[in-house]
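To start, the structure itself, in structure tokens.
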Amino acid sequence: MRSNELKNSTPVEEMKKLRLISAIKTPYLPDGRFDLEAYDSLVRTQVDHGVEGLIVGGTTGEGHLMNWDEHIMLIAHTVNCFGDKIKVIGNTGSNSTREAIHATEQGFAAGMHAALHINPYYGKTSMDGLLLHFKSVLAMGPTVIYNVPGRTGQDIPPSVIEKIASSPNFLGVKECMGNERVKHYTEQGIAVWSGNDDQCHDSRWDFGARGVISVVSNLVPKLMHELMFSGKNQERNEKLMPLINWLFVEPNPIGLNTALSQLGLIRPVFRLPYAPLNVEKRQEFVKIVEGIGRENFPGCTEVRLLKDDDFLLVERY
Amino acid sequence: MRSNELKNSTPVEEMKKLRLISAIKTPYLPDGRFDLEAYDSLVRTQVDHGVEGLIVGGTTGEGHLMNWDEHIMLIAHTVNCFGDKIKVIGNTGSNSTREAIHATEQGFAAGMHAALHINPYYGKTSMDGLLLHFKSVLAMGPTVIYNVPGRTGQDIPPSVIEKIASSPNFLGVKECMGNERVKHYTEQGIAVWSGNDDQCHDSRWDFGARGVISVVSNLVPKLMHELMFSGKNQERNEKLMPLINWLFVEPNPIGLNTALSQLGLIRPVFRLPYAPLNVEKRQEFVKIVEGIGRENFPGCTEVRLLKDDDFLLVERY
Amino acid sequence: MRSNELKNSTPVEEMKKLRLISAIKTPYLPDGRFDLEAYDSLVRTQVDHGVEGLIVGGTTGEGHLMNWDEHIMLIAHTVNCFGDKIKVIGNTGSNSTREAIHATEQGFAAGMHAALHINPYYGKTSMDGLLLHFKSVLAMGPTVIYNVPGRTGQDIPPSVIEKIASSPNFLGVKECMGNERVKHYTEQGIAVWSGNDDQCHDSRWDFGARGVISVVSNLVPKLMHELMFSGKNQERNEKLMPLINWLFVEPNPIGLNTALSQLGLIRPVFRLPYAPLNVEKRQEFVKIVEGIGRENFPGCTEVRLLKDDDFLLVERY
Amino acid sequence: MRSNELKNSTPVEEMKKLRLISAIKTPYLPDGRFDLEAYDSLVRTQVDHGVEGLIVGGTTGEGHLMNWDEHIMLIAHTVNCFGDKIKVIGNTGSNSTREAIHATEQGFAAGMHAALHINPYYGKTSMDGLLLHFKSVLAMGPTVIYNVPGRTGQDIPPSVIEKIASSPNFLGVKECMGNERVKHYTEQGIAVWSGNDDQCHDSRWDFGARGVISVVSNLVPKLMHELMFSGKNQERNEKLMPLINWLFVEPNPIGLNTALSQLGLIRPVFRLPYAPLNVEKRQEFVKIVEGIGRENFPGCTEVRLLKDDDFLLVERY
């Protein structure tokens, strides 16, 4: 089903080499539709500062708040505008196998370079069901599996990953279960991207991870590039910790949405059920930016303290 | 927005009196569409054996594997056929506030008696976001809140429930966090239905729960009716434990789907990512039925041991 | 697939006896969603003044401007609230056979009494295709076929109707091709409802039509009831002509929407591409109402002349 | 809303220069999904034989039988694979203004070069409504208006076209009303593409038309290229008439689908309500191909006479 005519198709081995992938934010207009102008600007900044791949419509990008047609359109748009400069990994996973199949087919038809697949969250299933779920989508193209039990309520155990790792389309795992798990995989030659910004330095330099699928790189792509490319450096890592800890004080992407709003890089529009961090936390952010240096937040000319009334929360869109 | 013309509208106080509610199974045709004939038969059995309410398209009914139009149609169908005999509670919750609003509006317009609302699983949100999410749907009609951290990755704490409990549409909580939590609510006069079949007897008789939202009642409605209505009786409770433990050996509704298939009450068709229990477990089920007595499984004329090949797993439908 | 549990199911022979069916208007809130309160009031008026059946989401009801989930919900809502008092005929037709099948299945599952099916407008097809299209939906339940070449670009010839007339679910034809065509069918015992308000008196009394599927009955149900039930009477018929001619000066339901707005029975909200009649026509309407007598427009307490600014035209909803 | 990052964006003036545009066929797999491999091959043939633009999901491409997500995906896919070689004009029109707006936004976001917009068929509207409908989409990007009263039941009169012709995004008209209408427009400098293969030679050479939006070019692109580029030549035109007349003996794309099936360029799969031409017509086609010369049907190695049983008609997909 993969078309030979697709532009910029990328072999599995090349996709495995990516070190810095951002889970890109989706910005909104006041009526809740996508703000493609702001999106293009965010992606352009990523491209310009060394980010090599994007997760489009991930949990960070609020894929779970999109209709599938919006989601596929955003993948298609990203591929069209930036697919020659950065790898586009569509989060076409779902807890419904039918939806995962349909979206993945559409995403690959639209030219995405790879798919990100989650295990069936909320509904959950057995190990047999998990294998059938992943097998039903693996045939379609290069695939990263995403393990985040804190969201899904269910760990994908190594036994499952190891059974699908031999698929020619298997790229590796985005893993949030910590560095022992990372090590377990990398010792077998299974590619791992850390799904935790606070662990990714160690994952990369001490536990064999390929790199990171990052949230904080939406804000400080250059610093994250150094973290992944310029050698082990705990001082560099420590410098980012206050920002990273702040970012995840509430479920992601609440912190990221608040941060980008205050940096003036997006309109302060939230799709419910997300709501901005409170004013104390927003004050903290201003100080954190100053601590790290505003010049490390590309695109930002000023960090503002927004008032509660500056934010728009949309429930119908 | 609630229409005055709707049939069988039920006041909140009357809805709170329900003790036995089933999370009804959705059966499928071989092509994966709903098998409405089998569904009607399942519901008829529930009505005939004392079940007072139904959750339509809950996690047990695999609402997360439905398109919204299928889901609303099933609510409408149930209301049309059985709404004068049993209370219809549509699971119109979602991790997307937009979808929850839209589905809940449609469900109430189609005549459902109440809505079941989950907190935003997988995406998760802050306590502020949680309150905004629930408030955006509570105005529409009678509402049960569902707390199941094992699926959602996030507990709804009492502080949130207590803030929304004063809404005139708030019915109570379907709670899976155990009997201390149940007690905490019931002591304040907040209605609770146990979401755990293995705890519901104690929840009801020792911790003040109103009743249960049950899975096992799909199989043994009369026994569950006795458990909720005929007084504290540990012996009666213990007798059901082997069945209940078997039912949840894998994520629900895998056990239920397997059981109903072997009882001949549904076609052995699974929508992925669900797959049947293995043959050893299926053999166990035959014995469990015999132990409890087949006469307690209404509608069943024979319990069969199905072979692997008897099951049909559908991925596109 | 038709459920035995559905309420108020009506045999084909009884459905054929209906004489006065209204193609009911769908009113909107200012944001473009359905105004169910106004809808219920319109339907209640129909019921109270002798209308026997409704087309829900017909071209008059702007089914072509609905999402299918809205459309099915409206059918379900109407069935729930009024299905014991009036027959609900869902316009589940489409120029896409897939959509017609899906919507018709859902409509019958939600309890509608019959389906209205159009031939594939715009896309059109061959006579072979037409027969296959109708056959794919006729098995599901009682069916009226709708022929309106002025909208579809293609006449359904008698040869097609006569081939499907033997289906046990075939109710008859809503025919807009004039009274010779009506006569051709009624002489063979094929039930016909006139689809043209200006011809329906003659169709009924001179050409054997069963009755009418009417637009003007939204405004003057009692007068239309007399026209269909109280014997041949050209004077009665002539009295309505100015209203009927006014109503169709632009493509329906532009006139009806304008009229109901000025009668104060709906909010003056139009979904694009519909726009109100101009002020001269709106002035005419006030006079026409006075000519016929406001007491013949049930529910109306005052007919107003609306200004251009009073109308709201919505394009996203 | 149009992104500055989109690849191959094409100025209105350059789009107006296109002479040969094909309304490309959408081929299907046996289960009714798109056959992208066959599609890519059809498009590649168009590109290789001088076709300059494509209508994706037009009436020929059966856009009215697609879900919108399929439709947008097909536009995105075409843009990705061929957007640097051929202009992609998405048929994002609809009789629902809401749907037209939504689809057009998505199509442009995915990179299409222009949109094709139809007037509201079947539902129809007033001239005021028509203008509002077109104005709501014209702001989004380069636009061709399509007038085909035989399908829509309503002519778009010159008065409407002339009112929107001054929009900077207005490209011109695909006109099916004949050469007097063509002339009326071209004399004012309004670009016209003939929508009738049998008239296009004269439209182009005698009435000032820019070119054609063709169906027959799916079969004989090179011959159509000569017809549009190599000067007035009635003999060349006449040679194509038997093929063109055969192609439209039933509503398009019935003939085209049958032809491509017999040429072996697509699987003989029809989405209902389309059905293949009968065997006598299929025999005629074999002779017509031989008359014109099989070498003029690129990609075809053999023209076969298919039997009734060779065709697959799908109703659910």
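As written, the chains take the letters A, B, C and D, and residue 1 is the first residue of each chain.
Operating definition for what follows: contacts are C-beta pairs under 8 Å (C-beta built on N, C-alpha and C of every residue); 3 or more make two chains touch, one makes a residue touch a chain.
Owing to the predicted nature of the structure, the values given are computational and were not obtained by experimental measurement.
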**OP:** Please state, in steps, how far chain C lies from chain A along the shortest route of touching chains.
**Re:** 2
Original post:
To get from chain B to chain D along touching chains, fewest steps?
Top reply: 2
Original post:
If you take the mean of the Cα atoms for each chain, which one ends up farthest from chain B?
Top reply: D
Original post:
What rotation angle, rounded to the nearest 5 degrees, superposes the C-alpha atoms of chain B onto those of its identical copy chain C?
Top reply: 180
Subject >> Between chain D and chain A, distance of the C-alpha-averaged centres to the nearest whole Å >> reply: 39
Original post:
Approximately how many whole Å separate the CA-defined centres of chain A and chain B?
Top reply: 34
Subject >> For chain A, residues contacting two or more additional chains >> reply: 316
**OP:** Mind listing the chain C positions that touch chain B in their complex?
**Re:** 1, 3-7, 34, 36-37, 40, 43-44, 68-70, 72-74, 76-77, 79-83, 106, 109-111
Subject >> Interfacial residue positions of chain C with respect to chain D in the complex >> reply: 59, 62, 64-65, 95-98, 101-102, 120-126, 128-130, 132-133, 136, 149-154, 250-251, 254, 271-275, 277-278, 313, 315-317
